[in-house]
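Notes to accompany the following structure.
Naming follows writing order (A, B and C), and every chain is counted from residue 1.
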Amino acid sequence: MIDPIPLQVTAETFAENINALGASINYMWILTVSFLIFFMHAGFAMLEAGQVRSKNVANQLTKNLLTWSVGVTVFFLIGAGVSSLVGGGGFNFVPVDDPASWGNGWFYGAVFAMTAATIVSGAVAGRAKLRAYVTYTFLLAAVIYPVVTGITWAGGYIQFGDAVFYDFAGGTIVHAMGGVAGLTAAYVLGPRIGRFNDDGSVNVIPGHSMTFAVLGTLLLAFGWYGFNVGTASILSVSAVTVEDGAITGGIAFNGAVLGRVVMTTTVSMAMGAIGAALVAWAKTGKVDTLYVANGLLAGLVGITAIPDAATWWGALLIGLLAGAQLPLVFELTEKLGIDDVCAVFPVHGSAGVLGTLAFPFVAADLGPSVANAFLAQVVGVAAILGWTVVATGLIWYVLKATGQARVTPEHEQEGLDVSEHGVETYPEFGGSDSVVADGGPTFKTDGGSDITEGDNE
Amino acid sequence: MIDPIPLQVTAETFAENINALGASINYMWILTVSFLIFFMHAGFAMLEAGQVRSKNVANQLTKNLLTWSVGVTVFFLIGAGVSSLVGGGGFNFVPVDDPASWGNGWFYGAVFAMTAATIVSGAVAGRAKLRAYVTYTFLLAAVIYPVVTGITWAGGYIQFGDAVFYDFAGGTIVHAMGGVAGLTAAYVLGPRIGRFNDDGSVNVIPGHSMTFAVLGTLLLAFGWYGFNVGTASILSVSAVTVEDGAITGGIAFNGAVLGRVVMTTTVSMAMGAIGAALVAWAKTGKVDTLYVANGLLAGLVGITAIPDAATWWGALLIGLLAGAQLPLVFELTEKLGIDDVCAVFPVHGSAGVLGTLAFPFVAADLGPSVANAFLAQVVGVAAILGWTVVATGLIWYVLKATGQARVTPEHEQEGLDVSEHGVETYPEFGGSDSVVADGGPTFKTDGGSDITEGDNE
Amino acid sequence: MIDPIPLQVTAETFAENINALGASINYMWILTVSFLIFFMHAGFAMLEAGQVRSKNVANQLTKNLLTWSVGVTVFFLIGAGVSSLVGGGGFNFVPVDDPASWGNGWFYGAVFAMTAATIVSGAVAGRAKLRAYVTYTFLLAAVIYPVVTGITWAGGYIQFGDAVFYDFAGGTIVHAMGGVAGLTAAYVLGPRIGRFNDDGSVNVIPGHSMTFAVLGTLLLAFGWYGFNVGTASILSVSAVTVEDGAITGGIAFNGAVLGRVVMTTTVSMAMGAIGAALVAWAKTGKVDTLYVANGLLAGLVGITAIPDAATWWGALLIGLLAGAQLPLVFELTEKLGIDDVCAVFPVHGSAGVLGTLAFPFVAADLGPSVANAFLAQVVGVAAILGWTVVATGLIWYVLKATGQARVTPEHEQEGLDVSEHGVETYPEFGGSDSVVADGGPTFKTDGGSDITEGDNE
């Protein structure tokens, strides 16, 4: 008697199971990194809150909460559809999409979009009306940012010869876009009272808490691993196909790209902090903490366009330059009379452009010619930032012209927490008394009176 | 000569390898999301610390640390076993379980249980004795919460006709349970001194740091993605079986559910913040930051029962209502003379019930009739919250009757940090001097004297 | 007519696809947990910032930022190569590695290395020069720590009979190494001014913010799940091989180990907090918040050497002892006149040794004899800590002898934020005025004057 032939596996069964595994692995990765990117909002909120005066902290926090809340809703109903429309795919009304795509499509795109949006709030701190800011956020999420992704990631329109504009995780598309939008808005709004003197000299208005600023920096760095590494798929090919009696395709692991991205992101971040520390030390003999923190972030921004492409020395160099340019570019914005409160332009703008333009010179393996690649980068940066400046400037000019952009000087002096939100961030600390301001106390109902520290102790 | 037949794969080898891959993917997902849910303790600690007076911050932080520490140990030795006993599976002594189940069974359940437990501390802030709170936490982790999960997730006892009580990630089982437990405990304890006047009017006692409160909000939102999305398996079917010479079953990816959960969680959170902001704005003309933050959380709670089931417009609507009801319900608790310090009832209680009861009206695909489904939801909510109120009320009444529930008025005025913990949270800030109180200084040994700011500088 | 034979799957196709899936799952796990471990830097920064005076917070934060930035760069260029050299694999210049290995090799190793490095900063707070600290960090990342991992994880040199030194996730290799390095550096540096009196009695210098300290604790606990659980592979075997016409190997899921690690890590952490709380309560009748927080961390450190090996009762016991020893060991360091500002020795040093030495007595399944296993642990601990003490002591003695170790008494009194960094952490709070110190204001350019609170409001 012969052995029975063991049960074997058909190509169809094989493909079904392998493909389900591949799809689940890719999806788990996308969700995990999207959560990390969402977490950057905690980072931005702390980074910005720490860099403003205590009288404006609640305003800054509220702007951060509403950037996410308003922005993501708008991007769900409008923005993602506009991006697809501009990219040549027709308007895509996300609510009717296939549900699975809500995770690896819309949500994944939304956390990038909201990163761009939230950068702006750091530049306009301390004097923008909440309503103006929310209006701008609405338009950014609905149109300004979607146009940028539409012409790049979605449409791939920007080309020069054989080179296509390259921006892996959004060094320019997300960060420089946000940084330049912030700079433009800050320029139109004008500086905070007391920031610049009539003779052109500059006053420092230090933030109220270095601890929150550095906390925000580290929360952002954590989320950034999602931002950069997460943009690399965990599988480069994720499906087997069975056709004409043959198995084709198949699962391929994307390890080399993932490894490069995590390495370049790490060393560029590190060198950004070192570069800023060295410049600070050279200028003053001391190592300003905020330089180091913002330098670390500039190092991250610098590599964001090309973490999958840069050589190891390229990543070290870009980080160093991104950190070192920070104090210099910040001073330049001051010389121009622009009050970019949280230094969003040197951190997100110029650092993002630096890395994007450096692409052809530090790429480990460049397909097109260096000249073509560089020109495609230049054209892309110019198109994205030109559009951002024009659209942002126009909106803030209209807001300003109609008296909607900026709070009154009295409210600015008093602080936006009281005038815009009716709260005090630290009722027990600082020079202010502990009584919540009239008109909008936290959770206050009619008929009661505020309780003071004295009453209670 | 003919080609040799290529080596092929037997069904058994195929199944073994595919099943190991499937098991590892599911397990990785469960661990990742469980870590995120654990992270919510950092969020709760900050959210609550920010909303109490500076003299009670260390007390609030200690409660949070001990909620987790005591609670999870009790849930390991007793609570998880009680849940299984109530659910009809016999008492399950977790330490003798199969080790693999410690990760995707006990630990996964524990992080949900501890979320329910920690909600309570926000309601009883500023006057409950530490020992009373720890006693209650012990009983919550050992019995109160396990009974709730025993009759629902474990036992599935609550039914009406063809409908079974539905609560996907714990909108009522975890959040409303915690919120109602907090409200009950706060009611029995009575309000903080000075919170309400004899004429029924209300005083505001603002928290000491809006920054920590908003930080906590954003940390919680991050963890919530684990809470909601993590409740959806990454694979809906995860094993191939080989039986009677045939391969059955097979890996199936759960993408449609995952995508829906991440979408509904996101837009409901966003609309919660918007809903609360709009109501605040309508009432006072200003946008109270704490409303927006708590509204965002209420939006998350609102969708937690049904993130896998709600339509997109249902999620938008539930978020909006969950946020909008927050200020109104909070004022109602004030009118009832209940001092729910961190607004845990409007955030976790009423918002959780709202979403749970809305289930049949917003579900994309409802099996049973709307009437049956609604009545099953009503019965479930009533059973869970009724049990919670009775058990919680009983414990706190006994603690109160024996003089164990509440610190003395002198200690309450002085602050619980000194009286219960012998520490000051901010020895350098505020009106207090920098000397640590006698009897319990931080890391102090005999024979030394406290150093003051003056001595040191 | 007969049915066509269905297309079947060759062993090679099977192996290729299965192996790609296995590799991607392992890699995703390593990246995810490495991100969590990186996140511990946010935890350390907050934990330490909270435990120092407000005049030294920015200094502490800067040290944390530079520990990561300088350390990880050095570990990329030098340290990882030294570890491999010491371990017998020749010097490994990481930049020329296979890119995929940058993720699951270098980066994974780097986040452990940087954890060891960052522990030291908590011990030397408030008086070490920034340059001295950065110099030490450079040498720790380049040589001291790589030698430790070289003789253990890489080389496996430490043996006694049939037993090899066992340290699963770095209870001694990472934590005790860092804790002992910190103690040594603190001893050589000498205490802060005012910390000890001439009669041997002790002064408490309380930290400036319990809230940041507890926040740091919880952020660390979150990251620790990566540290411990992440050290367990998600797959114990991850590749199929096809050889000599047969399929061998195959995917095996590592669930039992993962489940054990997450359980032991959780209950040891919990019991650490409880143990410290009980000792604090027994000594003073009050539950010191910082004891509870540091006890929770000591419970985590205690189990870190053996989370995959300990029985459930062993994990409970180790946590309890690790927490309970904390106040006692801390007082011992005070009696020895060592000013270990953030208690890094009791938290990371003695707790790490405790768990490492306990290995043979609490292991669920011990291969070698208890005596041999214990002696291997003793030898390993002695070798690692002896090397650490000698190398660290030597470096700090040289720094001290050359006047490079410590700031001047005037600068110490003034605070290191001003003298080393030219910033104030809280310009609006505390006794200090809001003017940024001369010489190094944040983002200040020439020609301007600092703005004071008064000017601005």
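Just so it is clear, a residue touches a chain if its C-beta (ideal position, glycine included) is under 8 Å from a C-beta of that chain, and two chains touch if they have at least 3 such contacts.
The shown structure was predicted, so the numbers you read here are calculated from the model rather than taken from an experiment.
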item	value
Residue-number overlap at the subunit A/subunit C interface, same or different (half cut)	different
Rotation, 0 to 180 degrees and nearest 5, that superposes subunit A on copy subunit B via CA atoms	120
Subunit A and subunit C, separation of their C-alpha mean positions in angstrom	29
Multi-partner residues of subunit B (at least 2 other chains)	8-9, 14, 18, 21, 25, 28, 32, 209, 215, 426, 429
Subunit B to subunit A touching residues, read off their complex	8-12, 14, 18, 21-22, 25, 28-29, 32, 36, 53-55, 193-195, 197, 199-211, 214-215, 217-219, 221-222, 225-226, 229, 234-235, 240, 242, 245-247, 250-260, 262-263, 266-267, 269-274, 277, 280, 284-293, 296, 312-313, 316, 327, 330-331, 334-335, 343, 413-415, 426, 429-431
Subunit B residues touching subunit C - in the complex, by the definition given at the top	6-9, 13-14, 16-18, 20-21, 23-25, 27-28, 31-32, 34-35, 38-39, 41-42, 45-46, 49, 57-59, 61-62, 64-66, 68-70, 72-73, 76, 95, 98-104, 106-107, 110, 130, 209, 212, 215, 417, 419-429, 434, 436, 439-445, 447-451, 453, 455-457
